[in-house]
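Shared between the two complexes below is chain A, which has chain B as its partner in the first and chain C in the second.
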Partner chain A sequence: MASSTHQTSRGLPWLLSLPALALFLALLAIPLVLTAILSFNAFDGMRGIQQSYGFGNYLEILLDGYYREIFLRTGGMALAVTLICIVLGVPETLILAKMKPVWRGTFFVVILGPLLISVVVRTLGWSVLLGSQGVVNTVLRGLGLVDEPIRLLFSMTGVIIVLTHVFLPFMVIAVWSAMQRLDGQIEHAARSLGAGPFTTFRRIMLPQLMPGILSGAIIVFALAASAYATPAIIGGRRVKVVATTLYDEFFNSLNWPLGAAIAVLLLLANILIIVGCNRLVERRFKQVFA
Partner chain B sequence: MSGRDISRNGPLALIFHALLTVFILAPLVVVMLVSLSDKEYLSMPFDGMSLRWYREILAAPELISAFWLSIWLGLASATLATIVAVPAALAIARHRFFGRDGLMAFLMSPLMIPHVVLGVAFLRFFSIMEWTGSFVALVLVHAITVVPYSLRLTLAAVIGLERDAETAARSLGASRAVAFRRILLPLILPGVAAGWVLAFIQSFDEVTMTIFVATPGTTTLPVALYNRISQLTDPVTTSVSTILILGTMAFMFILDRMVGLDRVLIGKK
Partner chain C sequence: MSSLSLRALSKSYGPVQAVRGVDLDVNEGEFLSLLGPSGCGKTTTLQMVAGFVPPTTGSIVVDGQDLTSIAPEKRDMGVVFQSYALFPHMNVAQNIGFGLEMRRVERGELKRRVEEALAMVRLAGLEGRYPSELSGGQRQRVAIARALAIRPRVLLLDEPMSNLDAKLRGEMHVELRSLQRRLGITAILVTHDQVEAMTMSDRIAVMTNGGIAQLGTPQEVYDRPASQFASSFLGHTNVLSGRIESRIADEATVRVGPTAFRTRVAKDQVTPDIAVFVRPERLRLGSPDQATLQGRVSTRLFLGGSWIYEIETELGMLRITQQNTGTVQAEEGETIGVSWNAEDLRVIATERSDG
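And then the complex of A and B:
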């Protein structure tokens, strides 16, 4: 690619990028900076946003057990979703890889297609499935697995199930991309040298798929930790996460500076996790990428 | 050792695959089935079938106006995103310059910033600028969130090209502009068009950020659906959702014909 690039006309690339850059600076960078400034504003319950600045909002979030619990709960939820996506997504991608091209194409659409369908629509489907009179409870009771309907709607379990459904495609995409770099013969080599299927998976396939699994895990974790619509609909008031708390601060408590501080912390946590994990992946798996 | 062919899926793998497929499709199938119920409440299984909840959509003018708003918003923001992303993609794909990686990261950053954070930032910005309730402002911020999709697919199209035809045109005396319009643009058009469609879908589906900035006059269809779902159990939401599922499937078919759906979704050439 380097050989096919222009070396002439230095200003041209910036001229070409100018419209996008101007749009992003004016309407992305400035709003984010304004939000960061707002997060340092003091707030008074009676008089609203004050013109004095300080770390008060951040201290309140870090020291108040209420907010700390919400952040921890959100992190735990995102971690659970990530782990389930790994457990379901990695085997499924291996299965897809072994399918005949026609079937593989079909099931790619089945598994990845829902990404293009509104998350509100997918969540609505789950709220019908998970209700106490819903399909899942009817089936479980029909099979005699439970006596009483189990609470799935308005519970953390329900939120985790639905978020897994929403974000699983990202894991499949990441693992599939990693698999494209693999040599297909290596599995055959291991098996013909006498390794069992489990050993082959653990010693040969898994280490090579690890970069893909980790990058999928980063994406799923980041998206799950900041998801709004699904926890709001499936979790309701019972399961408060960072994103729904953020909404409440802005539209119910009307404490915008505190809400802005929560937003800044969520963004920082997001960037730290994405950048940090990417560094780790690159360093540990350099030999795989090379 | 058994002589079983290891390049095939065993019965256990196929059972796993079948269960996972059911897990993926269940909520979508259920929405479509429930929309045909004649009951006042959302239930599965049901006994009577009717198209009642499709007729009821006509009695909900706010859903219809939200639908049209989402369509116009998607058209405008996807078009704006494409207009700014295509030249930027050409710059990034064809030139080496200082700040290239930074520019790329900046233009892809809406994928990394949580949409709740974007919603908060735009809410604050709109209230300072007194843009609250403006359709144009909504188009601008939607365009920002969908630029990465247009940029990614255009980049893939440009990077995959041989430059021979363009070089030939230039050496035969075609200006840079003519070479772009007559040679390059037709070649990258499928990628650009697929980027536009993906950008449209993403704008049309966006809910989290839009909830923060939508006003009664600028309520998009996903926000209107969200509001209905979180307030009451209303079977109209299932008939609208069914139409959205079928509409998205039509779009997926178009995308598949244009560049191949796997390429759009996985982002590989």
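And then the complex of A and C:
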């Protein structure tokens, strides 16, 4: 009797999580495994996908300077977006926290706004702003700040601006939730011990916000590194990143195995960078995470 | 050692007046408690002294220096918070050393003073621990050591014991009090716990509605409460209905049940009905035939050191506390006599109209 009850109670959690597991398997694990297998398939420009397997695609990507440059460019872009999101997002959240509740609600909507708009509409909106005849350049020239229109559309600068706009809410939300866990008296404690507002922030508040900044940075980095629509529309042909390259391999060159290999490498690079950063920061701020 | 004065200190939040015109002088080396229920303005007063909240009007003076518009980091106040507010990412030594570091104390001296502060709260050897690795009692000691390490002019304690269990709290009362005495530091304690206020303080300021209802030594405030509020907030009190029998100016003879006593009454006392107060420990139990009043024991509680009796009498329910001397004086349901001495009965001479 006792053992059978025990068995039921052990099996039950598995049974209950079955639908979720099935969904996970069908929608994530299976396509991932298939993509991974595909990435080892050989490809012939004339005859398409071959039934032989090897590391050819990976070697091609790793040895070719063209792909290396695309990977480095994507990493640099994601890093820049992440850093700008930290620099803008942390003060933004601090200001939000000091606001009166009514204004705070309003500004939360403003900050979360980009997430409420379809990616295509939002991106096309930005291309209207950033074009050489666009609002930004017209204003800059009208004010006499620049003589020539500066290149924002079809440039890395434009892509970083737009990605920052879209991903900033994730940083704000992450830092905000870390801030909610802070003890409000700690700031007062630091002040009473002789630390000015700036020192209090740098030495006392910032280290405690690190878990939030880290999780925000991970989300932003991962999303930026694999972003497709913004680099495609704002960056265009000139600014090739990993996501647009693998799209091209799949749908223009029809070289699916090479595209799959790029996808696998992007995933691996993302995981390595995120786990590495996580370890580093967690060790440095061990006590805050406890 | 420093003295502190508050002059007509007020704080308004929009239409709400949290603190209204508090005047208070704290002497050098004195331990003063601000005692009152939540919302009475005691915490806001302390926050204004620490500099976290700017006063609407009034001033804060320490040793003759007006601190009202000085930033908190320049006030030299040691603050112990209710949540302890330790820095979670710093170990014990770094927490205690933070204030000294801000004062640019040289390295060797800093280490020596951190050790000294730790020894003071009997936590020597825990320098390397992090707050998450400490018990509640230890965290509180670190918070006290951190506040004392900077050798503050005034020590401010914001309900520092409310997160400790009862036994530890009792121990900390004694320990913190003797530490404060030894260092001769001026201290202000904010609390809603009347036992805490009475055991630790040289003087108690009973606060209500943003003002000080009564200021005095614990014994004065307990034995001669200036208002019904002070009387009921500090310990238990029995309220009897009395009647003024005769009166010459403010001298009156008041009758309570079968006894009468002479007392001073307020000038604005016009009706003959008057509330008379008597503390539970001033009432005596005795045999019914020799007592002032007869009653029936409705509840009896044993507290170890003492007994609490609730006695139903013609004057209403009376609470009596008796020392546990080893003999049981009355059972529940038994009829028993209650007596008192006339000098233990009090009327509140001046009930403040705004209190």
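The definition used in the following text is that the second predicted complex is superposed on the first by the 272 of 290 C-alpha atoms of A that agree within 3 Å, B and C clash if a C-alpha of one lies under 4 Å from a C-alpha of the other, contacts with A are read in each partner's own complex, and residues count from 1 in each chain.
The rule is simple: contacts are C-beta pairs under 8 Å (C-beta built on N, C-alpha and C of every residue); 3 or more make two chains touch, one makes a residue touch a chain.
For clarity, every value in this text was computed on a predicted model and none was experimentally measured.
Looking at the shared chain after the overlay, A:G194 reaches both chain B and chain C. Using the contact criterion defined above for the overlaid structures, shared-chain residue A:G54 touches neither chain B nor chain C, since it reaches no partner.
In the overlay built on the shared chain, the residue A:G276 is in contact with neither chain B nor chain C. Between chain B and chain C, the partner in contact with more residues of chain A is B.
After overlaying the two complexes on the shared chain, residue contacts for A:G76 are found with neither chain B nor chain C. After overlaying the two complexes on the shared chain, residue contacts for A:L266 are found with chain B alone; chain C is out of touch.
Shared contact residues of chain A, touching chain B in one structure and chain C in the other: 188, 191, 194. In the complex of the two chains, the chain A residues touching chain C come out as 183, 185-186, 188-196, 199, 203-204, 207-208, 285, 287-288, 290.
Residues 50-52, 71-75, 77-79, 81-83, 85-91, 98-99, 102-103, 130-132, 146-147, 150, 156 of chain C are the ones touching chain A in the complex. Against chain B, in their complex, chain A makes its touches with residues 1-2, 4-7, 10, 12-14, 16-17, 19-21, 23-24, 27-28, 30-32, 34-35, 38, 88, 91-92, 94-95, 98-99, 105, 107-129, 131, 133-135, 138, 165, 168-169, 173, 176-177, 180, 187-188, 191, 194, 197, 222, 225-229, 232-233, 242-243, 246-247, 250, 256, 259-260, 263, 266-267, 270-271, 274. By the touch criterion given at the top, residues 1, 6-9, 13-14, 16-17, 20-21, 23-31, 34, 42-45, 83-85, 87-88, 90-92, 94-97, 100, 103, 106-107, 109-110, 112-117, 120-125, 128, 140-141, 143-144, 147, 151, 159, 163, 201, 204-205, 207-208, 211-212, 222, 225-226, 229-230, 237-238, 241, 244-245, 248-249, 251-252, 256, 261-262, 265-268 of chain B touch chain A in their complex.
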